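Submitted below is the structure of interest, expressed as structure tokens.
Each chain gets a letter, A, B, C and D, in the order it is written, and its residues are counted from 1.
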């Protein structure tokens, strides 16, 4: 199901909460003849979060001046941190994989069906196994085998490749390598991982084996932004599936993989739609 | 867990969607020194829906004038339909039951624990079986046995009783009688029913038997406002539970009853918090 | 995750319930040196259902005589209806599609990953749009455009093609054509459909539009065997996802499609593993 | 919904897995004229688990000899550990509470509705707050305030009270005290706790606060048997509910409490029906 591709601006912001912010932002858009298509806001006692999307047709401020005007007229006054995106500028996504194909197929099926307003210029892997899938879909595949010795060098080469391709965010589709701090700093809250457990339960390797050992009755999957602490970044989406004593570790793996692809795709879709605001290791995910 | 009982006003409105409504409403509150505690809005292409709650401490417009000022200054300009509630005025809820106790117990347990800002002045039934429960909780119990001959007369007596007790909404906690048009007109979108199926599947009597016959793998429960068409009113909340071929009709009944009480209590809580806006046989349920 | 491919026999049976059936069946396997790997049974008051799988290594009765011996020694005595399958003989599955690719991709991703012990010799469609996907995966694609005039003729040609390819079951992966009685009779309880609603709610065309109109808070998907009554065959699997007033019909479509592929793949996996027993328009789905 | 109260025997067993156990057990029941009403079994590669329930009407072995005959004729041969229960002998359950009433009300509502074949001779608490609820339901309430100094003495008094009342299992309905080793040894796998998180995430105190801090998108509740390691005993049942960034800690508490009562009641029902077999810190929960 293709979404309509309108010429819109998307503003994501947060700032100290005080009276009148919402009115000020909506008035800024209204008086400049922007038609608000979507608005959602959230506030804790201290902080105000907002996402607003408006039609750029007839908007008085030219596209390349929107950021500047907003910064000058509102952001500084309210101490806002903000980003403005234009729907016409599609995000560019790099997929990282290792040997498991289920998440990769699901992402590529969405991509080919035109479900998402995104470009996928390349796939990176530390193994060659999934190259045939990349070929099927006509997407360049780059293999960077990783050893303890070459990891820094390979990461540098990957980063160079990402920059050359103007990649705006990365998706780890069951990529089985720890991401280096350099990579994380280059893409802060822009690397989406899928962890095959219901975090914070079963951090680290072999979570299905650990879940089996503990005898849980439900297993889960968690997509999150990658930070320097393993499996501890801001959670974007989680889901679970019921299991029973009848399920072997292999059954958990199979049931879990169905979850993983769903949960990862939901997170990727929200990121592409610029509906996620990461703040202090948590996410605001607008509806 | 008791919610804080602040002195707040709650505004629920809908109107034709056009530019500037949100800014106008928030400005109305801001310039009169109201501190917005909660705001949520939703718009389709045509209609704009909004719920806003603000602190009345320091609000310049006196409580008994808020409605008038809002009507004059905003509602007429934007063709709004609206309601203003004050959290200090607790809604008054009547519970209707027949012979099954599970929903009644769940409602009363919430009530006694102080979970909800509500008064329950009375319980009405067409049978005497549950009177001992009402007594346990010290709530007046009125029995109106219904026959085809006396139904109109009994309903009139019930309505009289509801009015005398200044009841603001009714909850049918597995009350097994069709509600009369008179009652519905007296309480439009103010009578909450729990139907023991995933509507619109299995409308009418014996939905668990029907679900068993059809061989579904999931059963559900639905809370909705009562309208004149049976089980067809605006849906407030639904939930489901997985079943299997091992489950007898009795098992469905047991599993379903757990759902019914949860789903009904969630709907009642949302209604008490004035978070539901019914519009054209659907509900906006604010978060 | 590949399952181990053992040389096993799978027996599915049902019969009038009486004492001693279970003991008789397990003894038949035990005394002939079969090692039971899996056993599950279910009984209503009247009917006894059973699935048992045992290792054929060392089993005294030769593979091509198992059916005969079981029929002679047990089935006639207990009035059993039964099927015996051998895991070494992979089922052969035909996929039917129209224009939507999400279920097709999910099935093919499972197939290519080796998740299922199945052969997919061909894909049939009434449209050409998805031929490129079939090509990607190297699976023969046959297009049979359907008009009211040619429907019988095309169905006959499809049936001929299915037989020539020794197809054992069919999967309708969002195939938008009513299946003819001839096809259903050729594949009784062997045509799996995915319907994009929580049956029996929203039978027929455009269920997401109907769900949107009704204002439900949860949508679902249902996989079932095709029978002559539309969307009324034995249900194999269902699942649901929560929606809200914020979701447009387009959002329902998107969320629903994620469900459809999951629910269809679960049903196909159960069918491939011969874990489903259809009886009187319901299914026993063994764990 | 009352279950039928038949005069049946329930056998729960586990033993090393080998050929012929199932046939031997069912034959033992069949040849002695027992009509099997329910049978479920499970085997890992090493261990065989089974629950079978049969009608005692016409069973040749007298009730008070069943255990001995089974031990002699089968259990020793197959190295079985087993328990035999008679449905006519209702388990006797003690409820432990502190200050929160939601789980207590839910248990008592089931009890009073006759949903469960159980006796509840007493309620124990370390606080007096919930005594009025016990009074409402006419159940003796014993208050044992706990301090570091008196804990051993109070536990001894509680144990004495439990024995005098022939209590067969205990339910900790949000009882906020660590259970002593003496109590656990007196009731091994017979003390059911409800922990207000999705274990093994958020072990220990204040799990809702921890869940809020971590920013999870789903919260859960877990019922388990109490062992000496805190929150680490065999899990009986878990369930979850979706939350969002909009939910405060208070919202998590409220949503979680609905889960807690449901999950605890499901575990209690399974225990009463003798459907749980604890083995090596995990549970087999028969369907």
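The definition used in the following text is that a residue touches a chain if its C-beta (ideal position, glycine included) is under 8 Å from a C-beta of that chain, and two chains touch if they have at least 3 such contacts.
Predicted model only: the values in this text are computed from it and were never measured.
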Which chain has its C-alpha centre farthest away from the C-alpha centre of subunit A? D
Higher number of C-beta pairs in contact (B-D or B-C) found for B-C
Computed distance of Cα centres, subunit C from subunit B, in Å: 42
When centres are defined as mean Cα positions, the distance from subunit B to subunit D in whole Å is 35
Scan subunit B for residues touching two or more other chains and write them down. 244, 246, 287
Mind pulling up the subunit A residues that touch subunit C in the complex? 1, 3, 100-102, 105-106, 108-109, 112-113, 115, 136-137, 244, 246, 250, 253-254, 257-258, 262, 265-266, 287
Listed in rising order, subunit A residues that touch subunit B in their complex are 19-20, 22-23, 26-27, 30, 35-36, 39, 41, 242, 287
The residues of subunit C that touch subunit B in their complex are 42, 198-202, 214-218, 220, 234-240, 244-246, 281-285
